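In what follows, a structure is listed as structure tokens, so that the remarks can point back to it.
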Amino acid sequence: MNYIADVEMDGHLIDSLILTRALDKIMDLGGEFEIRKFSIGKLKNEPSHVHITVKGKDEPQLNQILEELNALGARLVDMEDARLDVCAGDMVVPRGFYSTTNHPTFIRYGGSWIEVEGSRMDCLIVVKEGRARCTPLHHIKRGDRVVVGTTGVKVVPPERPRERSLFGFMSNEVSSERPSVEIVRQLASEIVRTRQQGGRIAAICGPAVVHTGASSALAQLIRDGYIHLLLAGNALAAHDIERQLFGTSLGMDCQGNVTLGGHRNHLYAISEIMASGSIQNAIREGKIKAGIMYECIANEVPFVLAGSIRDDGPLPEVITDTVKAKDAMAASLKGVTMALMMSTMLHSIATGNLLPSSVKTICIDINPSTVTKLMDRGTAQAIGLVTDVGVFLPRLADEVRKMGEKGDRNA
Amino acid sequence: MNYIADVEMDGHLIDSLILTRALDKIMDLGGEFEIRKFSIGKLKNEPSHVHITVKGKDEPQLNQILEELNALGARLVDMEDARLDVCAGDMVVPRGFYSTTNHPTFIRYGGSWIEVEGSRMDCLIVVKEGRARCTPLHHIKRGDRVVVGTTGVKVVPPERPRERSLFGFMSNEVSSERPSVEIVRQLASEIVRTRQQGGRIAAICGPAVVHTGASSALAQLIRDGYIHLLLAGNALAAHDIERQLFGTSLGMDCQGNVTLGGHRNHLYAISEIMASGSIQNAIREGKIKAGIMYECIANEVPFVLAGSIRDDGPLPEVITDTVKAKDAMAASLKGVTMALMMSTMLHSIATGNLLPSSVKTICIDINPSTVTKLMDRGTAQAIGLVTDVGVFLPRLADEVRKMGEKGDRNA
Amino acid sequence: MNYIADVEMDGHLIDSLILTRALDKIMDLGGEFEIRKFSIGKLKNEPSHVHITVKGKDEPQLNQILEELNALGARLVDMEDARLDVCAGDMVVPRGFYSTTNHPTFIRYGGSWIEVEGSRMDCLIVVKEGRARCTPLHHIKRGDRVVVGTTGVKVVPPERPRERSLFGFMSNEVSSERPSVEIVRQLASEIVRTRQQGGRIAAICGPAVVHTGASSALAQLIRDGYIHLLLAGNALAAHDIERQLFGTSLGMDCQGNVTLGGHRNHLYAISEIMASGSIQNAIREGKIKAGIMYECIANEVPFVLAGSIRDDGPLPEVITDTVKAKDAMAASLKGVTMALMMSTMLHSIATGNLLPSSVKTICIDINPSTVTKLMDRGTAQAIGLVTDVGVFLPRLADEVRKMGEKGDRNA
Amino acid sequence: MNYIADVEMDGHLIDSLILTRALDKIMDLGGEFEIRKFSIGKLKNEPSHVHITVKGKDEPQLNQILEELNALGARLVDMEDARLDVCAGDMVVPRGFYSTTNHPTFIRYGGSWIEVEGSRMDCLIVVKEGRARCTPLHHIKRGDRVVVGTTGVKVVPPERPRERSLFGFMSNEVSSERPSVEIVRQLASEIVRTRQQGGRIAAICGPAVVHTGASSALAQLIRDGYIHLLLAGNALAAHDIERQLFGTSLGMDCQGNVTLGGHRNHLYAISEIMASGSIQNAIREGKIKAGIMYECIANEVPFVLAGSIRDDGPLPEVITDTVKAKDAMAASLKGVTMALMMSTMLHSIATGNLLPSSVKTICIDINPSTVTKLMDRGTAQAIGLVTDVGVFLPRLADEVRKMGEKGDRNA
């Protein structure tokens, strides 16, 4: 255990679990530690400070430990500039590259700290012209200079809010045994508050929103101004349009009968849009007069429809190249402060990968495994609600409208 | 294939799948058949008739086939009286005993047909003083005369309703991708109609009804006169009382916070009832003024609370002997025409075992496997709704109240 | 009810449920029927024949009924050529187009029957130069002549096999309460028999095959010659390569510890392949010496890796355009007779959409909803096994090897 | 915030999360704190010590906070004897009674510390003749003296093991995406080590162990001496016996075909046992020669069969009174050091309620919600494995046998 480094951490180390996790990581990775100094915040709002000497048996092990501690907010005591290395080819990365978390991150560069732009998990930090940018592997170009190691990198993980709120208390709960109606109320209140404070809300939706009959509730939320971005796939849009044109989704009518016209209406709906050239045109021509896509376009709410191999068609607005679709999603998510994920594992996890940890993230699904997997894949800030979107969303839309009107009267 | 029997079947053999299933069974069991006569109902409401010669390679195989066909409504062409055999001991049954289905059943006795009373699955038919009774194994006494074989036994399986209704159309669906709000409406309409026609509705509930915050919705349904029997366990009652006394269930408050007082309130609630002697007394003393148990007692709705090994306490009204509890459940279910099973696998399957197939049975659970298992265990008439009882039940109670009031005005 | 058509059906109408379903459909859609003639197969292997007059209240309703009956194998009694209409634009289809099932289909053209090539669900039938081709919406070009209505279209739905086999008996079962070891044996026997009879087996896999430690079992099946095609996504290939290069998958080591190196190894694995230019090159260079992708390339087993918005990278071999990926999947599936779907909802449903109903399809997943959705989306021939691929697949690979060796010795 | 108390805690406060949880609880319950003294263990194996002043706004709030801290191992600085109060009636408890955790607990009595016997959650501590006993509500008698408040009560929660083992690393994981075969190996190794060290292993099983074909694997584990107690219900025993007598379970044969004899064999099996008087007698008479129950009786492994309202029969050995059954379970669990819970929610949760937290507890189920609920209900030490018991258990039994033999040779 001759390889040694000294790190420091500040903040709510105890009640945010950060110190526990740090010591855990050291031991899990086979290292040792000595706590040099520890001053605990004596009162609730006082920060703590710790200085730890970390030991590893060789350099790779020590570096691994430092990397993990870094992700928890630890920084080396002896501050140097971040080290950079050059990429040998497009999408070819140097050994020991720094892989980002989804937390706010700073690097020491030319003696001072600069914030890394576009915070997002599992990316590299490219430094260019004095700016540092979070860059996904597929955008790495030969010759890019990227951060390697943890020297000169500082991460600021979110501290858990202490107030009594949906996000403070339920953190990560996925149990289905919660008082649902009360949770609707709390979520509605968060949504209304977010808009009042100028936040932006993204809805990430699967086609089950339409199948379960919740599409008019979602349309209402969009019309009422509570959704500022829609991320979905071809299926959601096609089912929504099918419902507007033929009253069915995947050939199932509003009463839940799977009898009329089968899958054909689905193809007709797409064909109808092809004839107009785009969803936008079809709406301008008056073919479609309501629904999720209608409200997006009528209210100038941007949307990204990403392609998948399950798609029929797809519709003209769908981005069939998945790399381009992901880039479009990433670009559209800038400035989003709240994400409502509903009934989609694919889009939820893909979006989770693009979000900074500061975005309030709620994942609503009847299948608990969607929520579990989202968190397993790194979107640790997500709150899971295991419920039936078909009854949950209508109640939510009504509650939001009621609270919003009250808020407007009071304002 | 020298063992031969001739059977006949009547009714909607084609559209109720009965003929298909009958030929299936013969072939699955390794038998052969020849269709002697088949007259098909030419129009929708005309019954069909078939006469089949069934062949088996030995007597046990033929008997097995006949047993299976019998459960589908087939009867031997040459009618003889049902054969009886005597039980050699308490709960000791003769080889070849006739095991009941949950369909209406008749036996030929003394040359004429008598209906078997207390139709219920997996029982024996005990014949005594000219009456035939469906009798569970644990009530079989030494000397009882029970039906053996299928001779002289006629079963009348239900024919699927052809009208467009929740029960006609959704048969056995367990998908979570249904238009939920519309299904609430259809179920509410069935509930209101059932009461108007003088039917009796049983609610079979697990404690999640309380945890998910739906207990006041269930209390409302009871108060409004739509529930005529409550079947549950110690947990539902104790949680309901805990909520009334302390505002928590299992230490979780109405906002879903698991912080206050832990499990202790649960024990207090039971202790409080013990001090009064019974739930009934506690209500009379004014300790409890609302909730599920309160409404049951205030509105004279009977209830059976059955014990389980998970129970704390239990409460005085709980029947801790499971055999006695099951008998009490069976007795209370007489005359019930609709069963609403909510968030309980144990009580749903136990109740399903006691119900005749004519009872409209809805199983509401967020876990699809509850519904699947209920049907696997023989309650084939059950409709499964995979939803969140916490938002579903409040909406259902409101919809029922609205429809009921309209119905009352129109009456 | 003045709109009338006469249809005929032949085959095992009773035991394959076909007649039941046909009468169901007529009534569900509000039509009426009269059975003109019905001759039942008197013995097990004799086909039945029925002639039905169908009535609708208007032409659209009658056409809808005829469409549904057609999918069940009914044909109009008065045979005319299939009617064709011209597509007004790319992906723009005429009203009343014939939407294909996944069953073998024939059209009457120039007075004689021709088989529709490339049988696959939810497509159009394009007729060109005397040949009829199943064509997905996105390949429809302006000017294409496509079949409209059901006139002159004949479908031959599969008849359920009567022999005692995995596929004959378990049809559509998704229960997790089956004797698992016995089912492994039956499936192994089907796999060995399929290869012996010259069939081709496709494996459709999600990354959980690697996470659960089953990748060497899959590699063994490929090496032993039992897998003839691999359909997967970027994640499976990247995880498999990560495991070969670093001994981890998504940073989880073979002991299931989530500690070492986090997600970074995943990106390294992709970067390593990028440096070589392709998986193929990396294997040629000796970077990778075992695993799923290695065995595919070493044994010349074709594979299609389809992109999704969840991907990191992706790897060079991944087809990122979902429309092109789907076309590549469709092309590769030609001649496949058995499909093993393992731990992937996205790829299972996408592949199911491309398969004719004659392909023996097994869907293995720990989540019952994957199986349920696959069947809901039209792949009705699929058998669902709810099990843990991590223990199931190793046992399957061993069982297949044992049976295969015995078979080889006997041959 | 005038109500004040001083508490102390010792041990691995940081890496066992204990300090974090303690500060959490104070804040969740609306209290305040000041950390008077904190000495951190500087090296891995050094304990920490903390002294905290806790403030509440009134006495009930302060008491609630103290109760929660007590469960985490905190004790009041000023030590007094535990306070006792008298129960006013059978099952009637005094306000403020101390509700036990499942951790080792000590009370100060007559100036010195005595250990509370029969550690188990949600009980009261009855003090009698100088001994303190963990007593469930239903055994509380009028006049019993029970501990109230947290004064003089000390709890020693388990510290998480730091070694690399199944229990150290996977704590509480329920993910289905784990390397299954490796986990079988680790669990097998724990089982073998447990027996070598003289530990006792309880198997808690649902009937799915038989349905999935794993009963011979369980029988093998019993015969090989690795199971020292069986807890189950009537269903497991009846299905096991049915399988021995008729080769079926619930009428499903070993090939998974649901065809032969239906549910009748199940009743026959029970009847056959009734005729012998007991399972024990039936085995002595040679009726049953293998299987789970046979091995239990042949190897003198005790078992408790607890009744439920789903039971047919039940068998003579079944304890139908749930209160008595629970008492029998509790008595039989004395000295058990490892609990294998397999495919049963009811028995797993009931047993979990009876176990001290020191028992290594593994819950194996294909349904993740069983595991989640077990932990929600307080059995926080349980490790969840989401897998298919039908393939998992046979592999486990083989692995255990192999390891055991090797161990025996080495010994």
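Miscellaneous remarks
Order of writing sets the chain letters: A, B, C and D. Residues in each chain are counted from 1.
The rule is simple: contacts are C-beta pairs under 8 Å (C-beta built on N, C-alpha and C of every residue); 3 or more make two chains touch, one makes a residue touch a chain.
These numbers come from a predicted model, not from an experiment.
Any chain that touches chain A and also touches chain D is listed here: B, C. In terms of C-beta pairs in contact, the better-connected of the chain pairs B-D and B-C is B-D.
For chain D, the chain with the farthest CA centroid is C. If you average the CA atoms of chain A and of chain B, the two centres end up 45 Å from each other.
One simple way to say how far apart two chains are is to compare their mean CA positions; for chain B and chain D this gives 33 Å. Chain C has its Cα centroid 38 Å from the Cα centroid of chain B. Within chain C, the positions touching two or more other chains are listed as 28, 169, 176-177, 257, 367, 369. Interface of chain A with chain B (complex): residues 164, 169-170, 173, 176-184, 186, 208, 211-214, 252, 254-257, 366-367, 386-388, 390-392, 394-395. Those residues of chain A whose C-beta lies close enough to touch chain D in the complex are 14-15, 17, 19-20, 23-24, 27-28, 32-35, 38, 40-44, 162, 169, 174-177, 368-369, 372, 376. Residue ranges on chain C touching chain A, taken from their complex, read 25, 28-29, 64, 67-68, 71, 88-93, 95, 97, 99, 121-122, 124, 136-138, 257, 259-264, 266-268, 270-271, 274-275, 306-314, 320-326, 329, 345-347, 349-350, 353, 367, 369, 378.
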